[in-house]
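For reference, the structure I am asking about is given below.
Labels run A, B, C and D following the written order; every chain starts at residue 1.
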Amino acid sequence: MLKKMKKCMAFLLILCMAVTATACGGNTDNSAAVNENTASSTDANKNTDTDTNTGSETDENAASGEELPRFKILFAYQQYEDKLGGEFKSAIQYLCDAYNCEAVFYESGSGDTAVGNLESVLTAGDIDGLISVGFDTARMEVASKYNVPVVLACGFPSVEAEVSGITSYDLFLGGVTDSDYRAGYRAMESLYEAGCRQVTYSGLSAGFAKSHDDRTKGVMDFLEANPDMILLADSYTMGKASEDIPTFNASFPEIEGMAFTSMSDALYNAIESEDLADGSVKIAGVDISSKTGEFFERGIQVWGCGGQYGTAMVSWAILYNYLIDGTRIISDTTTPIERDYLEITTYEEFEDFVKYVGVSLPVYDAEEIKELIHYFNPDITYEGYLSHAENYTLQDIIERHGDKIND
Amino acid sequence: MDNSAAITRESEENQRIQQDLDRKAKSKNLLNIIIPYIGLGFLFVFFIIVTQGKFISTINIENLITQSFSLTIIAIGASFVYAHGGTDFSIGATCGCAQLVCGLLIVSGYPLWIAIAACILVTILGASATAGIALGLGVPVFIGSMCVRTTFNGILQYVAESGEVVIDYKQYMFMNSTYLKVIILVVFLAVGYYLFNYTVFGKYNKAIGGNPVTAVQAGVKHKKLIFAAYVALGLCVGVAAVFTLFRTGKVTGTTGSGVEFNMMMAIALGGFPMRGGERSRLSAAIVGAVTITVLANGLQLWGLDPATINCVKGVLFVLIVALSYDRSDGKLIS
Amino acid sequence: MKKRNWKRIIINTIISLIIPVGMFLIFAVLSKGRTATVKMFVTTFRQSIIPIIICWGLMLNMSVGMMNFSAGAMMLCAGILGGNLAQMTGTGIPGVLVFCLLVTLVEGAITGFLYNKMRVPCMVLTIGMMMIWESFPKLIFSSGVNLPSSMTLLARSPYCFILLGVMFVVFHMLYNKTAFGHNLRAIGNNQAIANSVGLDSDKIKFASFVFGAIFLGIAATLYVSERGELRNVQFMASMTIMMDGFMGMFLALFLSKYCNMSVAVIIGSFSMKMLSNGFVAIGLSARTRDIMQGLLLLVLLTISANAGVFERIKTNKAFAKSADDEYRKIQQTGKSIQ
Amino acid sequence: MGKELLLSAQGVCKAFGPTRALIDVDVDIMRGEVRGLIGENGSGKSTFSSITAGALKADTGKFTLKGNAYSPQNMVEAQSGGVSMIIQETGVIPGINVSSNIFAGRLDRFTKMGFLDWKKCHKAANEALDKIGAPEIRGEMMIDSLNFEDKKIVEIARAMSSDPDLLIIDETTTALAAKGRQLIYNLIKQMREANKSILFISHDLDELMSVCDTITVLRDGVIIDTLDKENMSIELMRDLMVGRELVGSYYREDFDGSSSDEVVLEARQISLRPYFKNIDLTLHKGEILGLGGLSDCGMHEIGKVLFGFEKTLTGEVVLTEKGKKVDSTTTAVTHSIAYVSKDRDKESIILNSSIQSNIVLPSLRRFSRFLGFIPRKSESGLTSAQIDQMRIKCRNGKQLVKELSGGNKQKVVFSKWLGTEADILILDCPTRGIDVGVKADMYKLMMQLKKQGKSIIMISEEQLELIGMSDRIMLLKDGSVTKELMRSKDLNEREVINYII
C-alpha cells in the first residue's frame, strides 16, 4: 500500500512541477514580480510580447519612461477568459508598460471570496493602486486597511447605502463607468424603431456583474415606457443564452426581435442554425464579435456597441494622477464619470470599429492619456475629463490617431 | 493472545516474527494518525517557500482565520450529515436566501438579533426540507437537495433582481472582529467535537453510516437522527451566513453560490469517508476546510496568472488527496 | 409464458412513458398548444441530444457507483483543444470529431489510471480532475476556440440525429450485449463478491472510464459544433454543462426498472428538457421559472421514486384482509367444536 | 484408487497485520481423497482454503498442483487450474441472472466477436445445474428470485461448472438445510468415484466422521494432527481442536420442558406478505421456545416481526406485563428485547467499525447521561467485560470486526445483546457456522439465561439443536404452524422432519 502511495505521489509531484514551471516560466509578468527566482526568464518574454502587442511602445519609454517612478497597479475583473477581459488586460498592460508601471491582474471573485481574494492579493505584493471592475464597501474597507487607493471602472453602485459606504473612504478616488443603463435602453429602442414589437431578452444572472444588471434595468424600463412592445420571454442563465434561442424560437414563432446583454459567436451561430437569419428577426446587443459585421451586412442586427475598455484606461489615468502627484480628479466621488459606448448601427461603422478599436493600438494611445494626467498637463480638470468622455466616438478615435493605424 | 497460542508458538523465530509484525502494526497506526495532516503540512511548507514567508506573516494568519471561518463552521455541521452517508447540495442556495432575509430585515430597521434569528431559521428550514424530502418522499438526498437548491436559487434571484440588498457596512463592523470570530469558532469546535465523539447523536450517526440495518436493529430512531443531523448542518450554515453577510455587506443574486461545492471539497480534502461510518472524524472535515482556504489564499499570495491558478489548484488538490486520503477500503472504493 | 411477457412489456412501456406523455399534455394545455407543435418537439429533442449522450457516458461509471464530476470539464477541454487542433491541421469536421474523441480518451485514461492507483472515491478524484481539465486549455488556447460555420455542420439537423442513433446502438450493445456490460453490473451490485469470484474490478473500472470518454467525446464534438465557439470557463463552471445530463440520469435510474437503460436515458433526458422548455412556452418570467422548475422536478422524482408503492400497499391490504377472513373462520370452527 | 499426489502445500504462512493466521502449514492431498479440515473459529481453516482457491495470497510457502508449481492470482485462475471453492458466507451477486452468476468473471468465453451469446451461456449454466442435480433452477432466472438455499446451490454450480480436480467446501453444509446437504453428499460421492479430491471444512463432527477419509486438525494457525479413518473419534477431534477437555455433552441434559406460565411476549394473529399468515405465539418467562422449519417457511420473518423490525399486517405483538405494543425496534430494545439476525454480516454487525462500537451500540441509550453524554469508561468497561466473558479472540476492542473470523463475529453479536441485559432474546440461527467450542459455550449461555428467568426464542434450521435445547418447539411449513411439540426424551429428528417437509 505504501509503495503504491509513493508511486502516485511521485507521479503527481512531476505533474505539479510541470504546471508550476509553466506558471512561472511561460507566463505574464506578474508572477515575475512576486518570485524573483523566475524573474529573468519572464523578463525575457515580457519584452517579446509587449513588442508584439504595441508597435509604438518602445519610443514611449524613450520619451518619458525612464525617470518615471515605478508603480505597481492592481487590476481586478471577474474573469479574463471573455473578450472584454482580454481587452482590459492588454489595454492596462499597454499603459503600464508605457508609463514604467507594473500591472498585476487577478480574478476578483464574488461574495466573501471576493473580500478574501483582495486581502490575499494585497498581502502578497506592495500594491500602489487598485483599479476594480465593480466594487463594494467591504472591499473598500480592505483596501483602506492596506492603504491602497481605488478607482472603480465599469459598474458604479446604484444603491444609496453602498454609494455612501464606498465614498466615505478617503482612498476612494471615484469611478468611471459606461452608461450600461443607456446601452440596454438603446438596444430595445433600436429594435422598436426597426419595427419589432414582440421581443425576447437574454441577460446574465442578477448579481454576477453590475454592468449587466444595469443593462437589464434599461431594457425593462424601455419596455415599461412602451407598453406596445411585448417581452415574450427572458432568460438569465449564465452561458446558456445560445441554448435558449431554439427554445424561444420554437415556443414563440411570432418573435420579431431579440436583445442580448452580451453578443457572442455562439449566439450568432444559434440564430443561424435556427434559420432566424432570414431577416424575419432583428437582433440588438452589447459587445462586438467576429460575426457581428456579417449580421449587420445582412441587416439582421440593428444595433450593437462596444469599446468599454476605454473606460478602464481613463480609470487608470485617474489613479495615475493620484499616484504621481496626489492629484484628485474627481472631487465628488458619489457620481461617476459616465461614458457612452461606441454604438454601431451600420456595417460601415462596424468596419471602422474593427479597424480602430479592436486592434493592437488601444482607443487611447499613451500620448493621448498624457493629456489626462496633471503631472504632464497641469491644466487638466474634472470638466476636462467630462468633455473627454463626451466625445468618445469612433469619429473621435479616427481623428485622434487614425493615421497611426496602418491598413 | 490466549495461552493456546503460547504453546504452539514458543519456538525462537516464531516469537521473533511475531514481534516485528507487531512493530510493523504499531508504525502503521502511527502513520494513519499523522497522514490526514500531511497534505496540509505540505501545503504550508510549499506556500511558505513560494511566497518567501509572506504566507505566515501575522497579517496573513489573521486573514486565514477570517477567510476560513465560514467554511470551517459549515464543515462542522456537514460532518454530521456526511457521517451517516448523506450529502446536501442546497446549502449554497439556502445560505444565499438566508442572507437575503437577514439583509432585508436589517435594512427595514428590525433589531439585529431578530434578523440573525431569521437568517438561521431560513437555513434550518432549507436543511429540514432536504432531509424531509429524502426521508419522507424516498428521493435520494443527492438529487432531492438539487431540487431544493434550484427552488431557493429561484427565490434568491427573484428578489435580488429588483436590486441588491445593501446593509450599512460600517455600522456592523463589530461583527467582523477577528476575536468574535475566534470565540465563536472555538465554541462551535468544542460543541461539535463533544457531540460528534461523546454523545449518542454522533455515535448513532456514525453507526447509520456504517450499516443502517444494524443501527435500526439496535433500536436507533434513524429517521429522527438523520433529520437532526441536517438541522445541525442548517444551524451551522445559518451562522456562517450571518457572518458572510456582515463581511460582504450586501446580498446579490449570486450570493452563496458555490458554498456547497466548497463544502464538498473540504470533506474530500480532509479525507472524510464519503460514505460516513466509523472512520468519519470531525478533525478531517475541519482540516479539509482549512486546507481549502489555505489553497485559495496561498495561490493568490503566490501571485500566479489567473489562468494558471485553477490548474495549480487542481493539481495540488489531487496531490493532497493522494497524500492524505484513507485508503483502507482498497479496491472496494467507489 | 410468452403471453405474460407481452402483458408485462406493455405495462412497463406505459409506466415508463407516463412521465413524458403526462408532462407533454400538461404543458400543451397550459401553454395553449404552443408546446404541442412538431417544431417544438423536434427542437426539444435536438436540444436533449447532448444531455442524452453525456448521460450514457456517465451511466457507465454510475453503474459501478462512480460519479464523474469532471465530465463537463472533460468535454470543455476536448471541445477547445479538439476544435483548435482540427483547425491547425486543417482536417475539418472529421478532424473535430477525431481530436475531441482523442482528447476525452486520454483524459478518461488518465482519470482511470489515477483512480486505480490512488484508490480514493471517484467523486473526490474527479472534483480534482475537473479543476485540471477546466484550466488546462487556458494554458494553451487562452481565448478558447472559434469554429468557422463550415465546421459546425455536425450539430445541424440530420447529422446530429444520425450521431445520436449511432451512439444509441453503441451504448445498447455495450451495456446489454457484451461481457463488459454485465461485468459492470456485477461489480455495481456487489463489488466484494464480484472481486472474490475473480472479476478484475480495476480493469473493468478503467474500461468504464475509457468507454465513458467515448460518449463524452461525441458530446463534446456536438457541443463545440453547436456553439461554434467555446470560451474557457472559471472554476467549477463546467458543472452546469453536465447538470442536465445528471438530472436526466437520475430519472433514468428510476425508469430503468421498467425499460431498458438505453431507452430510459433518452426518456429521462428528454423529459428534463421538456420541463425547462415547457415553462418558457407557458410564458413564465425567468425567475418564477426557476422556482417552478425546482418544485416540479421534485414532484417528478417523487413520482418515479415511489412508483409501485401504491400497488404494494394494495396487495398488502388484500393479504391482510384474506388473513383476517381465514382467522375468523378458524375462530368460528374452533367455537363450534367446543 | 492410485494414491497419487494431487495438491501439496509446504510451509504456508499468512499474516493479517500483526495476527498470524497460518504458520508453516504443510498439507498433502491425494487423488480421490476426501480431506476434512477442522479447527476452532479463527484457527485458519478458511484462510488456508481461501489461499488454496486463490482468493487470498500466501506470504510464504509454496503449492504444487498435479506435480507443477501453482500460485493462482484469483479464483478464476484457480478454477482453470482445477481448484474451486464454495464460500462460507453467501457469495452470489444480486441483480443479475443465474447464468452470469455461475460464469461470473468467465463470461468472455461466451462472446461471439465481442457480443454475448446468451443461448450458449444459459445452456452451459443449465448443464452445470443438471449435473449437480438441481434441475429446478434455470440459468435465465434472476438470482434475487431464489431463496437463500438455492443461492448456495448456484454457488455450488459455479464451483462445479469448471469440473475441478479439487473442490473446497467451506462450512457450506452448516448453512444448508436437508435438501442442500443431500445434494452436496451426492456431489462428494461422484467426485470420489471420479478419483477427484475434496477439501471439506465443517463444524459438524459427525458429518465429518461419516464423509471424510482423513481429517487435519488446525489450531491457532498451526497443524496439530492429521487423523485417518481408524483413529478418528469425536472426543479426540474436539479435544485436539479446542486444546482443552470438553466435559459433559453439548446440549442440555434435563428434559423438564415446564416453565412458569407467566407470559412475557405474545403475538396475536400476525401476518407478513408473502411469508406467513395468522401466527399466534406466546412466550413464557424462562422458556426456550424453538421455531423450526425449512429456511423458506417464514420463521425468520416471524422473528423480525416479533422484534418490530417488520410491521405485521394483521394483529399485534404485545409485551404482556407492560401491555406495550412492539411496533418498532426502538420500543423493542428499550423494553429489553434482543434480536440476533440470521444474516450476520449484512444485518447484525457493522463490518467496517471496531468491536467496541459494535458491542456498545444497543446499550448507548442506557449509558447516555446528561445531554446524551456517554462516558468513555462505561463503553470500554462493557467491551472488555464482554470480550473476556465471551472469550472473543482479538487484539483489543479497537480492532475492526471485519478482521475477525465467523465465530468471533457471532460472539460479538451475542455480546452486544448481552450487554443490554435483555429479558427476551430472539435468536435466529444463533449457532450457524460456528465451531463446537463456541457452540457449547452458546448453549451453556442459553441455559444460564434461562435460569436467570430470561426467555428465549430460538429460530433454527437444525432439528438436533431444536430438540436439544428448547422447552417447546413450534414447527412451521409454508407460513403456518403445523405442530407444537413439548420437550421430551423420546423426541427425535425423524418426527420433527415429518412436520416441516
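Basically, a residue touches a chain if its C-beta (ideal position, glycine included) is under 8 Å from a C-beta of that chain, and two chains touch if they have at least 3 such contacts.
Small disclaimer: the values here were computed from a predicted structure and weren't measured.
Undergrad: So which one's got more C-beta contacts, A-B or B-D?
TA: Greater number of contacting C-beta pairs: A-B.
Undergrad: What's the farthest chain from chain B if centres are computed as the mean of the Cα atoms?
TA: Using the mean of the C-alpha atoms as each chain's centre, the farthest one from chain B is D.
Undergrad: In whole angstrom, what separates the CA-based centres of chain A and chain B?
TA: Comparing mean C-alpha positions, chain B is 36 Å from chain A.
Undergrad: Using mean CA coordinates as chain centres, what's the gap between chain B and chain D in Å?
TA: Inter-chain centre distance comes to 41 Å.
Undergrad: For chain B and chain C, what's the span in angstrom between their mean Cα positions?
TA: Spacing between the chain centres: roughly 29 Å.
Undergrad: Nearest whole angstrom, what separates the Cα centre of chain A from the Cα centre of chain D?
TA: Taking the mean C-alpha position of each chain, the two centres sit 72 Å apart.
Undergrad: What residues in chain B touch two or more of the other chains?
TA: 157, 161, 258, 307-309, 311, 315, 318, 322, 327, 330
Undergrad: Which residues belonging to chain C are in contact with no fewer than two other chains?
TA: Residues 114, 118-119, 138-139, 142, 232, 234, 286, 289 of chain C each touch two or more of the other chains.
Undergrad: Provide the list of chain D residues touching at least two other chains, using ranges where the numbers run on.
TA: none
Undergrad: Per the touch rule above, enumerate the chain pairs that touch, sorted by label.
TA: The set of touching chain pairs is A-B, A-C, B-C, B-D, C-D.
Undergrad: Which chain B residues qualify as touching chain D in the complex?
TA: 2, 4-5, 7-9, 14, 17-18, 21-22, 24-25, 28, 194, 198-201, 203-204, 206-207, 210-211, 213-221, 277-279
Undergrad: Which of the residues in chain D end up touching chain B in this complex?
TA: 15, 17-18, 20, 23, 219-222, 224, 243, 307, 309, 328-330, 332-334, 339, 341, 346-354, 357-358, 361-362, 364-365, 368, 371-374, 376, 391, 393, 416
Undergrad: Name, in rising order, each residue of chain A that touches chain C in their complex.
TA: Those in contact with chain C are residues 4, 7-8, 11, 22, 26, 78-79, 81-83, 86, 107, 232-240, 242-244, 246-253, 264-266, 268-270, 272-273, 290.
Undergrad: Which chain C residues qualify as touching chain B in the complex?
TA: Checking each residue of chain C against chain B gives 64-66, 114, 118-125, 127-136, 138-139, 142, 191-192, 195, 201-202, 232, 234-236, 239, 246-247, 250, 286-295, 297-298, 301-302, 305-306.
Undergrad: If you look only at chain C, which of its residues touch chain D in the complex?
TA: Against chain D, the touching part of chain C is residues 173, 177-179, 182-183, 185-186, 188-190, 193-194, 196-200, 315-316, 319-320, 322-324, 326-327, 330.
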